[in-house]
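Got a structure for you, questions after.
So that you can tell them apart, the chains are marked A, B and C in the order they are listed, and the count of residues begins at 1 in each.
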């Protein structure tokens, strides 16, 4: 009766050609593409699968870019966020297996789990969408009785109060026919899990710490950063402060520890000098979306235990 | 459209009789024996026989006897009537009081703002399909179109040659209630209504 | 409004059963047992019994046996269904090919997979903001939400008290198109989320 989705969770309508061809319009989003690729390789959703389909995924994005499609920024950025995560996972698999100690390793594990969780959630919705589709098609064969009211009953309706002028009708029509304000374009920052982060605020945090007098490593300065975005913001703040000669930077060797110290020459500096042009603050609705999304992920977070 | 031959129809549960019922139950306009016969690919006289039998059966007779119907069961709450050159199912007249009570329950003498706005759009864009009005208003207008039709303010004026959807226009009653003689007397919409020229962007086929 | 007591109804040909049928002939949306019972001044459970018997009878069963219905006659060309919180008459699906020739405004085109996925997320997460649906699908859903609204499958159901963003939910029309009585009858989402069924703290009721 209801057509079950394929065992791999892919939608039955996903292109079933034997070889993966980079059809550019087949996928409705990065998760869709990822699921499609995983099923194409007859893999389960595992870390291995994610690492293996990375190249296909990147190839798909390249192809899209080459084809010069007008591509919505939010879609592209979501694809890129996922591509970056996939690359990390692939790189991690290529490296010798080490101890999980590093902050970066932990961040990678979190990124992987988040991607798994979101992918599994998306797959669940895709599966029920296929069931809904089948039901809609099946139900489409039934036509409801919907006939004009027989005249003798229509005649019983209370006399219509209709005291409108032609001008009022014209005004109503004009209102309805005026194209509505384009709905606020959601630039889809939601997937960045990004609450607004102010570079200026981060500069203030850095200044407060450094003004205690002791030089601090960059690692120490970002140890309490709540998100990648905060790390980035602190880094941007440092660059600004360095330009303004508020701080000094020392690095003993390339890629070595970066040490930051307060410049005694600069006593009149305030964080107000820091530019804020880096981050157009996301609208509240989007911030809300990010939170909601995190809530979604939490709901299926226990999946980790099975990995 | 090529239809199944009548033996195919006979394989469906209820057969040709049920097929006729299926159509009659959802059509709004009286349907002629010819139309039914050609859609079902059945001989006209067979359709005629089915229609007569159904009418009698709904009335509480069976049509099985060779010499016409004999009283058997109870009548149904609906009846099949041959009017205006076609057949249509109506609620049985005996229950008119109950049906009236049901129809009147919760009916308002005023149009909702959704209905008014839909009416205004139809007035200025007629003939126009429901899908297009929906696209313009951004919400489904099926139920308000039904109300406006019942109220005699709009009516079906044809079908779209491409999509086959029904097209609606305003009625003489609407003009009369508004106090104008023709649609041409409605005030011009502001000629510079921004973006009005883009209205054809609402492509019916995408809805 | 004072209605005839039910014994009056019983004196009419076909009785209460036919009265229910008569009303079903004029409804244009699923009609609840309550509405019917109040119009006919009959107890709700009696109306419920009549509706169930009619449904079974149209399907070719009789409701007379003490242990439920037994197959007897042939199905009618129409069926009575309990969907979206009420009862309504539909043509039987077997005859869709024939009936569609007479239904001018046919069922609208099939939804794209993007629209279906968005619809599914809204159905299971309602009331829900566009931003949250976007987050789950990984892409912007603005235009798809607009299409679904225009087609009457979803509607604005409020605003989020915190963010002020619009919240969307599914409509009664969605339930009717899906042939279910309520959102609770949608297939469970949990079985599609592997590994979750064993977790005690997982709240099924949110799906």
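Convention: a contact is a pair of C-beta atoms (placed from the backbone, for glycine too) under 8 Å apart; a residue touches a chain by one contact, two chains touch by 3 or more.
This one's a predicted model, so the numbers in the text were calculated from it and none came from an experiment.
Visitor: When contacts are scored as defined above, which chain pair ends up with more C-beta pairs, A-B or A-C?
Guide: A-C
Visitor: Most remote chain relative to chain A, going by C-alpha centroids?
Guide: Ranked by distance of C-alpha centres from chain A, the top chain is B.
Visitor: Roughly how far is chain B from chain C, centre to centre by C-alpha average, rounded to an integer in Å?
Guide: The mean C-alpha positions of chain B and chain C differ by 21 Å.
Visitor: Distance from the CA centroid of chain A to that of chain B, rounded to the nearest Å?
Guide: The computed centroid separation for chain A versus chain B comes out at 47 Å.
Visitor: Could you grab the centroid distance between chain A and chain C? Build each centroid from C-alpha atoms only and quote it in angstrom.
Guide: Whole-Å distance between the two chain centres: 34.
Visitor: Can you tell me which residues of chain B touch two or more of the remaining chains?
Guide: Within chain B, the residues that touch at least two other chains are 25-27, 90-91, 99, 103, 138, 146.
Visitor: Pull out every residue in chain A that's touching 2 or more other chains.
Guide: Within chain A, the residues that touch at least two other chains are 143-147, 149-150, 153.
Visitor: Which residues of chain C touch chain A once you look at their complex with the stated criterion?
Guide: These residues of chain C touch chain A: 24-28, 78-79, 81, 88-94, 96, 99-100, 103, 107, 110-114, 116-117, 119-121, 123-124, 128-132, 134-140, 142, 146, 160, 162-165, 176-180, 186-187, 189, 192-196, 199, 202, 206.
Visitor: Spell out the part of chain B that touches chain C in their complex, as residue ranges.
Guide: Chain B residues touching chain C: 1, 3-4, 12-15, 17-27, 31, 35, 39-40, 60, 74-78, 89-92, 94-95, 97-99, 101-103, 105, 130-131, 134-135, 138-140, 142-143, 146, 159, 164-166, 205-207.
Visitor: Considering the complex alone, what residue numbers of chain A touch chain B?
Guide: Going through chain A, the ones touching chain B are 143-150, 152-154, 156-162, 164-167, 169-170, 172-180.
Visitor: How about chain A: which of its residues touch chain C in the complex?
Guide: So the residues of chain A touching chain C come out as 2, 11, 13, 28-32, 72, 74-75, 78, 82, 118, 120-133, 135-147, 149-150, 153, 183, 185-186, 188, 190-191, 284-290, 292-293, 296, 299-300, 302-303, 305-306.
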